[in-house]
Amino acid sequence: MSWYLVRRLLLTLPVLFFVSLIVFSLINLIPGDPARVMLGEEASKEALSALRKEMGLDRPMHVRYLLWLSHVARGDFGRSVRDGRAVLDTLLLKLPVTIELAITSLLVAWIIAIPAGVVAAWKQRTALDYAATTAALAGISIPNFWLGIMMIYLLAVNLRLLPPSGYIEPWIDPVRNLKLMVMPSIVLGTALAALVMRLLRSSMLEVLGTDYIRTARAKGLGDAVVLVRHAMKNAMIPVVTVMGLQLSGLLGGAVITETIFAVPGLGRLTVESILTRDYPMVQGVVLFAALAVVLTNLAVDVMYAVLDPRIRLGARTG
Amino acid sequence: MSRFAADLPVDVVRLRHRAAGMRRYGFGYLLHRYARNRLALVGLWVVLGIVAVALFASWVAPASPIKPDFGNLLRSPSAAHPMGTDDLGRDVLSRVIFGARTALLAGVLSVGIAVLAGLPLGLLSGYYGGRLDDLLMRLTDAMLSFPFLVLALALAAVLGAGLDKALLAIGIVFTPRFIRLARAQVLGEREQNYVEAARAMGVGDGRIIWRHILPNSVSPIVVQASLDMAGAITAEATLSFLGLGTQPPTPSWGSMLNIAQAYLGTAPWMAVWPGLAIFITVLALNLLGDGLREALDPRLR
Amino acid sequence: MKRALWIFILIGALAVTSVSAAPQRGGTLRVGLNADPPNMDPHQSTAAVDRQVFQNLYDKLVDINQNLEIVPMLATSWQITDGGRTYTFKLRQGVVFHDGTPFNADAVKFNFERMLDKSFGSPRFNEVSLVTSVTAVDPYTVRITLEKPYSPFLAVLSDRAGMMVSPAAAQKAGKGLAREPVGTGPYKFVEKRPQERIVLERFDQHWDKNGGFVDRIIYRPFTDENARLANLRAGELDVIDQVAPADIPKLRTDPVLRLLERSGLEWQGMWIMVAGPPFNNKLLRQALNATIDRRTLVNVVFGETAVPANGPFPPALFTYDVPANSRIPERNVDLARQRLRDAGMPNGFSFTLKITPGRVAQQVAQVIQSMAADAGIKVNIEIVEFGAILSQGDAHKFEAILLGWSGRPDPDGNIYGDFITDGGLNFSAYSNPRVDTLLDAARILTTRDQRRRAYGDVMNILNDELPYLFLYWPKQYKVLGPKLQGFVHISDGMMRFRNTWLTP
């Protein structure tokens, strides 16, 4: 087992290296002069060149990469070109907002997906199954931003049931916080729900086909007991396995959702920093998102190895 | 993708059986199996319809999608303009019709880029293994660690505004999936008897890959490509919605929605139709892809 | 019945507005801005939206009133001597910065030195670069000497260049002052969460004891116009900056919200690069100009929220009535074709128009594109991010750019740097010795009539040579919720809250 863990950890290192390389090269190829962005339209030529020097823009690429990497390793993600704040500070400031949205969306997703997935598998090839799978496909196909716009139009502009957009911390005004999170959570949650539902359905089908469940049923255990106690427990494993994928989907979806609903989280920060060419901030958010996914995948695999002895011997990688 | 369809990896192991399936039963049988799935058939017809509309847009569209009509701003739907007019008086229906071109172009080109880049890399990586394989696999691991949209956005920003650049960005982001897919395919075939035999007979590597391995990789690639096409269309719309894709006045469903957002209270039709167009197109492509997967996968019979 | 109801509503509305007589203390004023202000240091700030927050965080040496006249603020009086080269300011006594540092002549001297420090790289440098010395005559008298006479100087000091930061705080924080601002304004800084909010709190030691009624001010950014207005309607905000054209008619008759409208200081239009093809040929610039129907453009994109323009002086400025500035040219496609023939390009030509991201720029560009097409001129639109467009403008690497200027209360600030040879904002690479002479002369001339004449001559030249196509002057809008009272709307669009209050 420890051998597997060591191997798994070692495999993570080159991935991290490539992640850092991608993030670094990506941002350093962006057009537009960061010094110019920082000083704006009234800047003098002297001030520009001084700032370029200060930011190390005159050094060779590989030197800048190593410098940047050593800073990142020490938790120094640089300073925002736009407002001069430390990138890490802003990331940490925005993180709780996105975590809240992620949790509420995940709740929405699971509340829809788990019953739907279970029922679809249990009643395979019935109208219920077809309805659920088609709905899931529609959920996957409907564009996030359109769903968001339409919800704002219907629920906020027309019916005035919900505030159209914005954010307030739950500890300042919990009721309003919830009201504001309803639409973003639904938009982000439905996308995820479709994914989870499809996954759960197919893994349920597999589990339901096993001898073990047939035995349980043969023993005369009730449907509900078999489903919840035996089948679901096993069928949920693949759902948890793709936690990394779900997180990746949530972070990607948050980009659009937070932008449409003016939720000041990491997603909106991503868009704002990309649109304003805030290099260090873009590097920060992109790296942060990738690291979160890599580490979640690692954690899931490690958890697996601990829980399931077969894997220690098998060739599960990357 | 923005939605997660494209994140679902095609089950390579299952689809590899298709090679046998296709040879055993032939194309006609596959078509028959595909046609048994009603939804998939609907998907196919809708996709064909959209392709036709896009191809014959100039004939189908009642008005110019580009030329403003200053006397007809923000008109609600009527007989003359079934979907209303937009902020510059243009016929929304005509813009939606021409938008199909942009969308399909986005789907075909960006997935094309991903296949053209991913397939050879994956084949080589799987066939030769070793250092190259290790390196490439860690690189794809790294690329797949980025949330799809975040990476596509960042890339589109790097490459600059414009449809071509947005498509390149989406293509790059899709590439690792095809590398993985092709590689898995090779790994499955490489140890097969006929490959070993061919090698023993002194057939060159290139020929083995070209004549034996590649043909057997086609079907999972086709399935993945059709699903990714749906993803690519949403991705293009998303980038254009954020102002990083199509440039005005070229009609794109995403950029139409971007402008429509400002007129939600006064001209909601500007937001309804382009969004519906994306939804229907993507749904149809997903149905098509799912249908293909089922038709090609003996286990789901 | 219905009429009775209307009268009732009217009386109600009157009653609400007349409550305003006596200012009340307390409450939190919530302001909806159209962008997130990035930088809180007036000597580093480049984003226009920063200035909204500065109005209440900082005091300036002088301010402007509704008629754009200079009025005292931190300077109570001033004398201009030596032919306009020396400004002697008497400073207000008993003023302290939010950190307790006293405000005096030394503080003023420090502030100017900070802006003039080349290593600091202040964007204010060009505004105050004519200052050769700042002397503290006594603790409350400061003398500023200029290299040459510069009549817009006081107007410049009514904006960011005249905002005084605490020397103690600035020395300690350096550029970090952008995150921990310390001024003398009626409100002090509490916190700033990017893209979320900026919170200010009343400064109890402010010199104006008859101001600062509201306890706290919270600024929240809403880039989307609909969201901004919807939040005001929902009672989540008390005032918002700028509205979408489509909302204006409804707001004019709104029983609860109050729409304030004023002519702005801003101009908008198109830079044309005159130092390279195709536009180094004046005839092609004239041809393009002749295709544009400014009235239609404004109607289509802005409704009543902007007016057609032909120069850099919107109606709020005293130079507006310069004929070449205020006379709007008619569209003339025949003239455009004639010019194209004269230029030897009867079939037209094509050029690339770079625009910043955003809806309005896209709309304007597409309208121009379709108008120019009528004369055979093909416009390719290219969206370029704001920072990149500035550097391309700077380097004169473009054919045309759609970009304007936020405007200044003195006409000089609306024209000088844009058209003087090698000016900091002269994207067109335009150079005309006669224009240079006239622009420099207008800085020395002191009477409005003399200056008007000089600018008139400049505009006659510019409207013939067309290094820039002036297209429209946007108006300034604020929408007030029912609670905000005592707000004075000034053409610079800045929201000063020192003398406003909230009804409970």
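For the reader, a short list of remarks on this structure follows.
So that you can tell them apart, the chains are marked A, B and C in the order they are listed, and the count of residues begins at 1 in each.
One rule holds in what follows: a contact is a pair of C-beta atoms (placed from the backbone, for glycine too) under 8 Å apart; a residue touches a chain by one contact, two chains touch by 3 or more.
By chain, UniProt protein names: A = ABC transporter permease; C = Peptide ABC transporter substrate-binding protein.
What you see is a predicted model; the values in this text were computed from it and never measured.
Counted by C-beta pairs in contact, the busier of A-C and A-B is A-B. Chain centres here are C-alpha means, and the one lying farthest from chain C is B.
The innermost chain, defined by the distance from its C-alpha mean to the mean of all protein C-alpha atoms, is A. Distance between chain centres (mean CA atoms), chain B to chain C: 46 Å. Our note on geometry: chain A versus chain C, Cα centroid distance of 40 Å, whole angstroms. Rounded to whole angstrom units, the spacing between the C-alpha centres of chain A and chain B is 22.
The set of chain B residues touching two or more other chains comprises 157, 243, 261, 264-265. Residue positions of chain A touching 2 or more other chains: 31, 157, 275, 277. Counting only residues that touch two or more partner chains, chain C has 224, 226, 357, 385.
Residues 224-226, 244, 246-247, 296, 299-301, 357-359, 362-363, 365-367, 369-370, 381-385 of chain C are the ones touching chain B in the complex. By the touch criterion stated above, chain B contacts chain A in their complex at residues 2-5, 7-8, 39, 134, 137-139, 141-143, 145-151, 153-155, 157-158, 160, 230, 234, 237-238, 241-244, 254, 257, 260-261, 264-265, 268, 271-272, 274-275, 278-279, 282-283, 286-287, 290.
Within the complex, the chain A residues that touch chain C are 31-34, 36-37, 39-44, 46-48, 50-51, 80, 82-85, 90, 93-94, 156-157, 163-167, 262, 264, 268-269, 272, 275-277.
Interface of chain A with chain B (complex): residues 11, 14-19, 21-22, 26-27, 29-31, 134, 137-146, 149-150, 152-153, 157, 191-192, 194-195, 198, 245, 248-249, 251-253, 255-256, 259, 270-271, 274-275, 277, 282, 285-286, 289-290, 293-294, 297, 318.
Taken in their complex, chain B has these residues touching chain C: 66-68, 70, 73-74, 87-89, 157, 161-162, 243, 247-249, 258-259, 261-266.
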